[in-house]
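Each of the two complexes below includes chain A, the first together with chain B, the second together with chain C.
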Partner chain A sequence: MNHRGGIALIKATWTSWLQYRSFFFLLAFGWMIPPLIYLLVWSTAAGEASIGGLSRGEFVAYYLVLILVNQITYSQTNWTVGDMIREGSMNRLLLRPIHPLYDALASEVAGKVVYLVFDIPVVAVLALVLHPEFHPTMIEIAAFLPALVFAWMLRFFWGYWLALLAFWASRASALLAIQDALIFLLAGQVAPVALLPGAIKTAAVVLPFRYMVGFPVEILTGQLGAAEISSGFTVQLAWLGVSLALTALIWRSGLRQHTAVGG
Partner chain B sequence: MPGEIIKVDRLRKTYRVPEREAGLKASVRSLVKRKYTDVEAVRDISFNICSGEMVGFIGPNGAGKTTTLKMLSGLLRPTDGEASVLGFVPWERRANYLSRISMVLGNKSQMLWDIPPLDSFRVLGEIYRVPQAELNRTLEELFDLLDMLPLLEKPVRNLSLGERMKCELVAGLLHRPQVLFLDEPTLGLDISMQNRLRQFLGEYNQRSGVTVLLTSHYMADVMALCPRVILIHQGKLLYDGELTGLAGRLAPFKLLRITLNDMHAENCEEVLPKEAEIIDRENGNLTLRVNRSAAPAVTAHLLSTLSIADLTIENPPIEAVIDQIYQEGSV
Partner chain C sequence: MAYYLRLITQFMKISVQEEAAYRMNFWISLLHSALNLGTGILGIVILFNQVETVRGWTFPGTLALLGVYLIAQALRGLFIGPSLDALAGMDGEVWTGKLDYTLLRPADIQFMASFRRWRPFALFDLLLGMGVLAIALAQLHQELSLVRLVGFSLAMTSGIAILYAILLAFTAFVFWSPGVLFTWIFDGVFQMARYPVGMYPGWLRLVLTWVVPVGIITTIPAEILTGTASPAALLGGLAMAVVFVCVSSLLFRYAAKRYASASS
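Moving on to the complex of A and B:
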């Protein structure tokens, strides 16, 4: 492990990304649009009544938190990893005495900082205009923070092992598009998981995608009881373990494949 | 032999590449059933290199040079054979090995594109765990040798190709590698930048004692820097030895260039000895090809029978020699 090098990489990547602030702001704006649409749809539909136990103000709170969580956990780096393998620029990283994962983590961290500079003020303004109903307890906040960190790790490593499949199939990034689609459907974007119909809801609770976005949002907006929170953490950590194991395994055999056929 | 730090023993690399004809039908068929062909990129290459040596690794495009360098720098695993560099097996990719070597590719960059080079150097310094004071010293020395202080403030994307290559060299050397693999370092550079880099590499090799394996298509690079060359062609080693020896072995003749005093220009053929073959003639200037061993006698004969204004004896140009090898595929 070479943390010193990793930290230096993060700093440098961040400096170089800051030069494209406006580009990243535009990206962040694009990612914000779908949840914003669903915010308006659900809060309008709820009107003065409530849907599935959520009032208009609660929908607003849910989606505003979701916008931030989605942005914090979104791993755009994984798209680059696949490209680097396909185009051979992974070799540049493989020459260094540091795991290429650090390079991906560096752009992850650098990216988050740049995006949040844009997102936090926008969400704050939306909150002033749309009046969310938002009263998190200390316990919910305390549970939210680790859930958020695990959500990011799960989303990152899940995407990372998918991206590493580029060692065998050059267009493996198509799988990342599928991941995004599943997240859109099952992770609480199109609707909060609690509102999904029977079988789909079961799928959402069992599969990893809800634990990449929806789960921490549900915790913070008070939709989950203690039992649901603890079972949620169990599933989340289990999937995180699976994705870490898959990443390690696929990295090792992918590298063997790469060094056998050349990049 | 003591001091041998690169040992390559019957190294072999065979790529399996999917075979596919052009066209939609073929591409659909290849989805179901793929045909593969084996391409032998490197076949049974063996050589040893001593510490501090500067060796030119030459051969036509596709000869297997880059494949060999990639195996030695740990990017590729050979199909067969063994190699050890600094006592490590390169493709085991130990961090201890990777931090002792460097591979500079003329067409790939280690620099971050959007920040000034100095920032990239600092990051690499951290990655290679170079202590701060030592890094500053090394950088200062490299900047000085390469004369690049004015470049350090601009983002890399604003630098010219030659300036960027200087940066690549600094990036590749700041951790003071013991072995340096250089793949086409002068690719696409203008003649004075080529000279500048050659001079730098020679000087740096003298100073630091780094062992260098260099590929280049510019024979001037090899002539200026490498007393020894390894020539490969279609994956096979054709020659390993002194560059001058290569010319001697392949082209056992000399070129005599003579300038005659005008009046003898017309009928000089009659007095030429049979060993001399005219390969070029322009008024009173003649270029003759003469067997190496016969050169002294022919020269003496010419001087005694013709009225000569000027005479030079030369080796055939190395480019011509190399071209002949590449075309014929043998030495």
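Moving on to the complex of A and C:
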């Protein structure tokens, strides 16, 4: 594989994205709103008391971290991969001496930088206004960082194999909409996973979606004990393995039956 | 007036024919409606699974507000959204110069911009919203007097008028910078209308009531159903609707004068 070419592509994409930053700031603003709504609603509901062991300030801290983690792990490239296969522009990438995965990674890196340029100042201002209670320990930070990287990888590759189904079905992007809805419900956006009612909570712990967003946030805000963190990592890595295997499998068999359309 | 009603019927017919050509879209739209409804309801269920009331709002009251929100969103999707959005963006009519054809027609520019495109599927969303509202009403055990029904329809109408006025004003900015999707900014803020304004902190409540009054669109109708609305709020909402529609209409007409076509 041509790694130097890949890195050059990542750089080029990043600079071209920065040119259109106002458009991407608009997107980042839209993605920030749903967690922000639940931040405000839950912190109002908690008031002076606490809900499920979380005080008002802890809800604020949880959701502010979640806004950033959600943005870092969100893989919007997955939406374009399906379009590229359907419209035939994937052919151009297949002809290059670089794996097309680099193209997706390039827009991932470019996107993350542009979105965070918008998100970090906004979250900083919100933190000043809303007074979060946030005291992470060194151990929590040390566990948070790998959890965040795995969360991004899991969310990226899980979405990537779903998007690759476009090799067979032209409307595969509908599955990505379902994935977004499940992430909203099960990954800690609508409420921290600990506050979900019985059956939904079990589903959240078993299914991969919590490990794409909520899990690292719960670690950093001190909601999990050592046993829960280690079992969480086990489930996260297991799902990551599954999504990597599915991506490799679907990529290979999809490419075999891919017939070029247009150019 | 009859002329404009006849035009609207024609526009609707054309839109239905266009939509019928893409049948797969129907199932995708159905999926999106179901996800939107499901996440909306579950969000409220999860919240009230933990607490009894939030700032005086109970589960059925908040559910009624979600119903109002879904109805407002459906009406927006029925014609306001599709018509106005056609002007904005890189392939929009202002950027490409297709607005020429609209301007040449013997009808009012604001009318043409607001009613031309319809999305018949939104009628299904409208039914879903009404269903949620009906379930919430059954749980509220509030007497549905004639006064209350009239008050609710008035509040709902002024809410939709405010929604339309804001979108029209945001669309007017397209004439200054045609590539920007100004209504997206509004879409983000409008999501906040899923929950009563009372659930937000004080400073945001003021913004959502007076600056971008999305709170008024859903909160006042829902408060009338839960029996907590004051007549002053209803009258204030009506007055606001009249002012907003007039101002945004003037702004849109003023902005449209800047249009200089795009032909080469």
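We adopt the following convention: the second predicted complex is superposed on the first by the 258 of 263 C-alpha atoms of A that agree within 3 Å, B and C clash if a C-alpha of one lies under 4 Å from a C-alpha of the other, contacts with A are read in each partner's own complex, and residues count from 1 in each chain.
Convention: a residue touches a chain if its C-beta (ideal position, glycine included) is under 8 Å from a C-beta of that chain, and two chains touch if they have at least 3 such contacts.
Since we're looking at a predicted model, the values are computed, not measured.
Contacts of A:M212 after superposition: neither chain B nor chain C is touched.
In the overlay built on the shared chain, the residue A:V65 is in contact with neither chain B nor chain C. By the touch rule above, chain C contacts chain A in their complex via residues 24, 28, 31-32, 35, 38-39, 42-43, 45-47, 49-51, 54-55, 180-181, 184-185, 187-189, 191-192, 194-195, 199-201, 204.
Put simply, chain B touches chain A in their complex at residues 15-16, 67, 70, 73-77, 91, 93, 95-96, 98-99, 102-103, 108-110, 112-115, 119-120, 122-129, 155. Those residues of chain A that touch chain C in the complex are listed here as 22-23, 26, 29-30, 32-34, 37-38, 40-42, 44-45, 51-52, 130, 171, 174, 177-178, 181, 184-185, 190-191, 195-197, 200.
Put simply, chain A touches chain B in their complex at residues 2, 4-5, 7-9, 11-13, 15-17, 19-20, 88-89, 91-92, 94-98, 256, 259-263.
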